[in-house]
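Below are two complexes that have chain A in common, paired first with chain B and then with chain C.
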Partner chain A sequence: MDIDVMDNEEITMLLKYPMMRKIVKNGVVHYQGAIDINEIIYKVSVIETDKGYIVELPTECGHLHDDFVALQPTLHLRRIISCLDALKNLIEKNVPSNALANNCDIYIQVLFEYSEFTKFHVSLKSCYLHHDLSKITVKMLDEQNKEHCLVIKVNYDGREIFEISDYDLPVEKEELKVSSSLRVVYDHFAGIVNELQPYFRLMDEFDRNCYILDPVDHKNRHNYRRVWLDDNLSMIITINPFRMCQLPEIKFLGPDRLTESYYSNINRNILEWNANEDVFMEILKLIGLEEYPLKPQITIQEDVLVKSGDCCICFSSRLNNKLPEVICKHPFCGNSYHVECLYEWLISLNARKVFTTIIGQCLNCEKNISCPIPS
Partner chain B sequence: MQRQRISKELSKMQNNPPQGICIFAKDDKLMLESKIKGPEGSPYESGVFTLEIQIPERYPFAPPSIRFVNRVYHPNVDDNGRICLDLLKMPPSGGWKPTIGIEGLLIAVRMLLDSPNPDDPLMSDIASEYKQDRQEFIRKAKECTEQYAT
Partner chain C sequence: MAGLSPSERRLQKELMSLVKEPPPGVSVDPDIAERNLLQGAAGTLYEGERFQLQFKFSNKYPFDSPEVTFVGQNIPIHPHVYSNGHICLSILTDDWSPALSVQSVCLSIMSMLSSCKEKQRPPDNAFYVKTCNKNPKKTKWWYHDDSV
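And then the complex of A and B:
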């Protein structure tokens, strides 16, 4: 006689999870019901298969799906109790017991802060609260009518509520304020923008008056410019945004015979650096030029494969955001390479390594060239 | 980096093709096909030759493999269309350099049709014929071109 008996396994389960039921349908074993975790009832459905348990996670825990899949190999196959225990642990760990109550408080604060904020900061260009209360997008205009966009994220995990998650300034994220007051976060940001006005003016001046090779699509956070000086010659000027009076870092890229004279100009003129004057013109004086060279009149043919200053191995100027740094020292050659590209080529030729460099031949002039071994 | 460079090379060659050469990508960018016109004044003059170009994983640090799809009667091309060309091999035995590129190789292959190199042959009988009985060589090369590449 066929009797539907309850096995020990099921009894163990019921003792711990009394709201679960074992159902056998067409030879497939299902467990359905609910489990109570911190006084919240989660609906659970588990199917037993040869490869383990397939668990349909409660809708409110959908985001834990991948974590649960990762747990699978550690589960004791054919022991439903271990599967439910693992699920319970996972939910307990990831969903704070009083999450719902907490979030309510945060919702109220976000809404309150937001409405106060839009009331008082009428100078904002735009300010939107996202429908799910997850972030606030703000656009503001600075003194020079330059637009700044920032995204303020709402933290629901017990940290300070408002945190700037997306912005475009040459500052580290750690330097921005995190607070439970939206105004404090914003005012601090606006303060930095204000402080950076001279920096923005200088960068704009470069962008307007020089032929900038890099960054092509410059943003406020880019505190350097690679300025075209001549075929095969450019300089990278790096500005300290908060110390404009400080001597900027200037690096020339090009064959030695061209860069040497510029470096000696700097050495000669450095004593005349006057931090109180216009930095843009002071840099010009420093490098010993009358004016910044304009974009060459003869427009570079678009379908030239390798432009001057491009890496002649990957045929581009930017590789993983780095510009070619190795330049053939031989006069009249001056071919440029990315460190990674030249290294890769020399290594495939079994070139000789000497300490931290690898030595081979320039692909163009075949004279010796050395390349630092990338870390 | 590799794909970017290949795209660049392809678009340059398509906008401004070298003489007698055209190229296009097959299903993906790692397999290319090129058509080259036989150089004028050579026995291959009347033909259009199809070449298969396989870009290796390590391109441009390793040279592409290029092969004739048509049959070619030439001291440096074997029955399977393989080409004996210095630039297609890695140094130290060969002369490949990343700066050469696909266009450079195709130009070199076309030049090879124009001036065979019988001193480094792949087909030694054709090479000795080329050296000793040029008339016969030209006749056979023309015949082969007309049969397989027109």
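And then the complex of A and C:
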């Protein structure tokens, strides 16, 4: 005889969540109903499978989707009551108790702003509003047809509604506008992109014509380039994106005997710096070269254990994507080290720390070497 | 070589280089990569002899020196090599530097053997072998003789 009985688990659930009920449809167990969190009723539906419980997130909590997915693996193979508890906790933690009631106004504003926005902007390549109204992804083209992607986040917590959360420009986030008007946020961003056109052009010129050691995967926000000059010698050029006519910051990396002549070239040529000319060529004149050295031919050194320019401690050139930056100052030594490697070695010898550097001996020539203390 | 720690990456590189281009007189045991074979250099007391070296690396390598001992049947008879295979060589402990490598340690040991004038065990061999720790790095070495 088939009697529909209530088991202990169901009773425990009902005591805590009285608006839930268990339904068996086609042999599959469903739990349906609602739970009350901070006096707001959330509709909940849970399906029991042999892999665990599958919880459908209440529609009002769409923006919690990612957090919930992260939580989900821990829900498997546990009891229905703990599953509902987890859901309740998540919502309680993330939804301020009275915020939901106000959101309708924001939804309407977001939808209105978005539809106005897409109608009137021609530089847009694409523009998407995420279905949970949490963010807008915009792709735009600048006057050189370079694509820029930005993500505009919608704030539901009482701050200005539209805020750029993800972008690739050499500017700090604080410099970008936050506003309740989508157009204002975007126009300000597009204005910066426009202003940066000469900067993009210069960086492209470096990337096309020079052998760039760093950054390997350069983005618009990287306003520096480490340019290969010779074995064991490179320079880091840091550009001020908004003041291109300003003298860029140039730092040479290599043994003193090689860098000295470059520094004296700069000192000699600095008066001839002409901000109105092409900055790329002006830098070349400044350092006193005819042309930027081309990428070196593949060297015969392939099989050598430590190539010149490699770190003498870890025997490689890149460590966490950084190149060796400490170079022994002693002429005819010029061995290179990663800051992290040399620091770890010197600290193990109880070397002397002076302010932000640590001083010890070069592993190769045993002359003094100083190494910045990594943060 | 993603996924390897810097220390593992360096060891991998050292091993590749030792297999591809070993220094003269040195070869790597293909089965047990941690052992190196050393051949007595021509014109020395050890000409024609073959020795086996064992390198053990801690995960702090190269900041920490490798543990290097002679193993196998033939332990060289040398004033700095104890009959249990332990070697009294300053670069293996106090004078270790991360700029050294397996290759340079092999060369140092070869040169130590090659410059030997008389085959004999260290004077305190019997006592040391009986009392020492298994790990030669635990021994407080007293480097008295720089000539050999």
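Rule of thumb we're sticking to: the second predicted complex is superposed on the first by the 236 of 375 C-alpha atoms of A that agree within 3 Å, B and C clash if a C-alpha of one lies under 4 Å from a C-alpha of the other, contacts with A are read in each partner's own complex, and residues count from 1 in each chain.
Following the convention adopted for this analysis, a contact is a pair of C-beta atoms (placed from the backbone, for glycine too) under 8 Å apart; a residue touches a chain by one contact, two chains touch by 3 or more.
Note that this is a predicted model, so its numbers are computed, not measured.
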item: Which of chain B and chain C A:Asp7 touches, first, second, both or neither; value: neither
item: Contacts of A:Leu363 with chain B and chain C, given as first, second, both or neither; value: both
item: First (chain B), second (chain C), both or neither touched by A:Glu172; value: neither
item: Which superposed partner A:Ile313 touches (first chain B, second chain C, both, neither); value: both
item: Which of chain B and chain C A:Trp345 touches, first, second, both or neither; value: both
item: Common ground on chain A, meaning residues reached by chain C in one complex and by chain B in the other; value: 303-305, 312-316, 319, 341, 344-345, 348, 363-364
item: Residue ranges of chain A in contact with chain B within the complex; value: 303-305, 312-316, 319, 341, 344-345, 348-349, 363-364
item: Residues of chain A that touch chain C when the two form their complex; value: 303-305, 312-316, 319, 335, 341, 344-345, 348, 363-364
item: Interfacial residue positions of chain B with respect to chain A in the complex; value: 1, 4-5, 8-9, 11-12, 15-16, 58, 60-62, 90-92, 97-99, 101, 103
item: Residue numbers on chain C that touch chain A, as the complex places them; value: 6-7, 9-10, 13-14, 17, 20-21, 62-63, 97-99, 101, 103
